[in-house]
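So that you can tell them apart, the chains are marked A, B, C and D in the order they are listed, and the count of residues begins at 1 in each.
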Amino acid sequence: MENLLAFIATRYIYIMTIILMMIGLYALIAKKNLVKKVIGLNIFQTAIFLFYISFSDVDGGTAPIFLPDGVSATYVNPIPHVLILTAIVVGLAITAVALAIVVGIYEEYQVTGEDGLQEVMKRQ
Amino acid sequence: MIPGILPLLAITIPLAAAALIIATGRHMNLRDSVTLGAAASMVVVVLAMLPEILAGGRIGITLVPLLPGGDLALRVDALGMIFGLVASVLWLLNSLYSIGYMRALKEHDQTRFYFCFAIAIAAAIGIAFSANLVTLYVFYEVLTLITYPLVVHVGTPEAMQAGRKYLAYLLGGGICLLAATILTYTLTGTTEFIPGGFLAGAGAAALSLQVIFLLYLGGFVKAAWMPFHAWLPAAMVAPTPVSAFLHAVAVVTAGVFGVVRVAGWVYGVDLMADLGLGVLLAVIASFTIITASLFALAQDNLKRRLAYSTVAQLSYILLGVSMLSTAGLTGAVIHIPFHAFQKIALFFCAGAVIVGAGRENISDMKGIGRKMPVTAVMCAAAAAGICGLPPFCGLVSKVYLSIGAVQAGELALLGVIIVSAVLNVAYFFPIIHTMIIARPSDDRALDTVTEAPLIMLVPIILAVTASVAFFFFPAVPFLDLAEIAIADMSGAGLP
Amino acid sequence: MNAVISQLPPLLIVVPILGALLALLLGKWKRSFAYPITLAMIGFQFAVSLVLMESVMDGEVIHYYLGGWPPPLGIELVIDSFNSFVLVVILALALLTAVWAREGADLDIVPEKRVSFFVVFQLLVTGLCGMAVTGDLFNLYVFLEISSIAAYTLVAAGRNPRSLIAGFNYLILGSIAAGFIVLGIGYLYIATGTLNMGELAVMLPAHYGQATVYAAFLFMMIGFSIKVAFFPLHLWLPDAYTEAPAAVTILIATATSKVTAYAMLRVIFSVFTLQYVTESFPVTELVLIIAAVAIIAGAVLAIAQDNLKRMLAYSSISQMGYIMFALGVANQAALAGGILHIMAHAVMKGCLFMVAGMIIYRTGFTAIRQLSGLSRRMPVACAAFALAGASMIGIPPTIGFMSKYYLVLGAVEAGEYLAAAVLLAGSLLAAVYIWKVIEVMYFGDVHDEDLGGGLEAPVSMMVPVIILAASCLLLGIFVELPLEVVGPAAAMLLGGG
Amino acid sequence: MRENVVIRTVCRLFVPFIQLFALYVIVHGASGPGGGFQGGVIFATSFILLLIAFGLPCVRGRFGRSWIRAYAACGIIIFAGVGLTCILFSGNFLEYAAIETALGIPHLQTLMIDIVEAGIGITVMAVMTSIILDFVGKEEEEPL
């Protein structure tokens, strides 16, 4: 029991990340509305971003900024931040493409839900 | 001249002819003369190699490095020469005949037909001259695939069905052969054909060698041994020149050739005997001979009856191999050409009847010989040859086989040969009787019947003449070649 | 190695991106400018890849540090025998597809979208090149996403409204996969503190037992399996291949899937090493089983299809099983076979999809039963289909046979006789679905007489098809040439290089 | 919301500050948190603000399609151009130090980083703006 508590206390951030990720995956799989799927995708990606940021953290670290000579400080690992910046760009591009496709589907079929889509496809 | 250019030429000529055939497809006469020219020049090329082979030499060439253990390489030896001679000479006869046949029946897609034919013959020559298992396999598969359009040439649903069966059996066989080749390679690190075999030195367990041999047998399903023979009668929907090609020129011949090749050049006679594979082959062959002959009795369609006859006759070759004695093997090897010449004559006759009388069933052919005397007589002669009557070459191989059976001390095998001879007569005699002796059912029945065109009769006569000639001079060249081949195979250690 | 060659790796990526911009700007001004620029750029990339392959043939490896920063800080580009081979293959295919698309693109792309189509096409190819040359895991992810986003866009770009839905599904599954991959990369970073593949390979063995590394491996495996459509994670593929514009299908089926397979092999063998997947975390046996199932299931599903493109799509799933099979066996012969199959499958599937596209271009037919008697109208196209189909079945001496031979040889050497038998059975099933088409094309009756006789597609579509069909045969006969690269590449992977 | 003077005025006032901040973030990228992407996005938000307050035609009028396209391309060309220049000075791609040593100008490296960041910023700004504008007014113009 104590182990578990200790585990939760030290790793809660990872658990939160995973919960967030599952929420995103759930939306991706279970939601019928295509826009909600895109939102789910964003949640999923955000969870991964948070995961990266959380593991780059150093206890008591500050922002990785050039300091004047002679001054030193513990700072957090900047590389995951940079990586995630790139990943955000990628996520943004995916969202843009996904939304463009959803708009295209809406213009073509006048529906945004999977149910409606199946019906329309059946009618064709 | 570069050594080894001749075998390469022998393959290149039909391939070049195939390209030319496509190019000249619109001009019928030009196209057909391309076929004939290629066939004739191929015979010349193959014959040009004969003296050196008879002198005990070999001609080899490596084309490209292909796979580990098997470059794409050609090597002509005595056994390959026998098959090569059969294929090239019979292609010439068959080309003559098909031109007559296809034109007489105004068949469609003739360009495709000749194109596939040319490539198929290249593949057959490739099998004959292959220097290792990989090369053999390559040409074997090409042969399977390229004969498919020939088999389904008529394009009816029945033909398509037969074509599927054909492919299923032969591609399945090809897979077995590939598996066997790869296993052989992993055991020994080579696939090169070595006189006397090379598997003995591999030190593998007897059981695995036996399994591999079964895979080889499965691979050579082209030999149409029972119970894997069904593709051959099914393929009878094809035009007659194709049937002749399947039965005499290339396909089934390639199958039995493969068995002989593997027995003598991969396993070696001693290893075969040690593993008890001779017995296995003997059982399969005897079963096939008797059963197929019985099946043949029941057929009314002439071509189907001939097909079952082929199934039975091919197993003579397997039977000869199974004896693992000099006489038996000699009989087996010379039965390849002798059977081919006689069977092609029979199929040509069947085709001539289709062209001249439009009939395929034996029961419809009553008295047809009155209008088609040449065809009927030649048919009778070739049938007599297959039955093993003098003066036809069929007798020669059968005598060797019988001696082999006695030498091997297997009187049961001699019994099989005798029973089969009786059955041969039983299923061939009714054909001859119907065609020549029986009276037509009514007077008008023969009105539409005419003799087939000359261009079809010439190959028939040539084939029958050849089979007579081989009776009197079996040594030229097949028996001589066979002796060299057997000497290759065994060193000198055979009874 | 001279100075010019050493600078080529970044140029392979930067110059075509600039070219794409140029096409975009000039295309706005005059639409017909976009295509020649795209073609020239892909041609440039192809030439560069040939030069690179030539210079690493002797086993040398080119390392290029972007910005002069050595790893772990900087991003490294690496050219060795394996990825230079993959580069040459995919760029050759991309070049031929681009040639094909000159007129083939009109089939599904409205003229107004032509400029953006070729720009995105170019970006997709460039993203794939980036994936192939990078030596940095996160950079690999970025290029993977660049090419994937381009692919989503292209799949959805067709006239056919269903392509939108296929594109959306592809996007969703592809993004989940990318998410898994990036998670896996994160775990590796946690374990070692570096993202450079070479450094990871050195540092990872100390952490083999850690749960973090297991998690990283599993996440990346699953992610890549979705991206390469490894059965049973293939669900996006059939729709995407079927509904996408013809030119896009060709490009994704040949270049994209192959580079992704390359990336997967690279991650497994160069980052995790053979020792990890066979000893520390033995998954190869499992992969072999799933690959065997994939081979059979893909082929059986292909047999059940009536739509030609869909049938070829399922066949791709089956063929992907062959490449994974190499991973499952993981010895020299099998891996050489797998790498060879990357090329073989690209060449023959490219040819088959091109012919399928040409048939739609000329007749609008998509169902196999409609193709009855087509060989009389499109003799060359059908002959190419037959040749590439024979290669698919594995008839010697085509290239498809060669790769299959090595795979079986590898399986037999490893004692996996059952798996070898499954592989051979798979080629029989391939014979069934390919033959279904050939039978109809060559021996069916001609239905619509009013369509007329000569339907052969324009020369610009015909040339790539003929080149690919001929390559199926010639690469098979002269298989020594690719093997000179493939053999060392397989040895290198097994050595953990 | 139309014709709401308060909103319009506030937005009008805010835009220059947002843009100035964006430039600051871009320039700061060489030595601390910040950089082209963040700055570019912030810059793009200024246009989004304009879009909300004044509507699409106003924004399009100030920042038309062809300008967006030109900016997007221009940014990448700056980035790649700097990178390729490094190669000309026999460095690796984006190896600013090579230019610095070749020309002997101190702190050129930092300057080059700023130029590159500016290029990234321009492209990001243009692309972000175009994404928003295209979604808002899809039907109004011819597609590319």
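One rule holds for everything that comes next: a contact is a pair of C-beta atoms (placed from the backbone, for glycine too) under 8 Å apart; a residue touches a chain by one contact, two chains touch by 3 or more.
Bear in mind that the values here come from a model prediction, so they are computed numbers and not experimental data.
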Chain located farthest away, centre of chain D as origin (C-alpha): B
Chain closest to the middle [Cα centroid of all protein chains]: C
Interchain centroid distance [CA atoms averaged], chain A/chain D, Å: 25
Whole-Å gap separating chain A and chain C, where each centre is the average of the chain's CA atoms: 28
Rounded Å distance, chain B centre to chain D centre (Cα mean): 79
Separation of mean Cα positions, chain D and chain C [Å, integer]: 36
Junction residues of chain C - those touching two or more other chains: none
All pairs of touching chains, each written as two labels joined by a dash: A-C, A-D, B-C, C-D
List of chain C residues in touch with chain B within their complex: 333, 390, 393, 395-397, 401-402, 405-406, 408-409, 412-413, 420-421, 424-425, 427-428, 431, 435, 439, 442-443, 445, 477-480
Complex interface listing, chain A residues touching chain C: 21, 25, 28, 34, 37, 41, 44-45, 48, 51-52, 55, 79-80, 83, 86-87, 90, 93-94, 97-98, 100-102, 104-105, 108-109, 117, 121
Touching residues (chain side chain B, partner chain C) in the complex: 64-68, 72, 137-138, 141-142, 145, 149, 152, 155, 159-160, 163-164, 167, 171-172, 175, 178-179, 182-183, 185-186
Parts of chain C lying in touch with chain D, wherever the complex brings them together: 3, 7, 10-11, 14, 17-18, 21, 24-25, 28, 64-68, 112-113, 115-116
Chain D residues within the chain C interface of the complex: 66, 69-70, 73, 76-77, 80, 83-84, 86-87, 90-98, 142-144
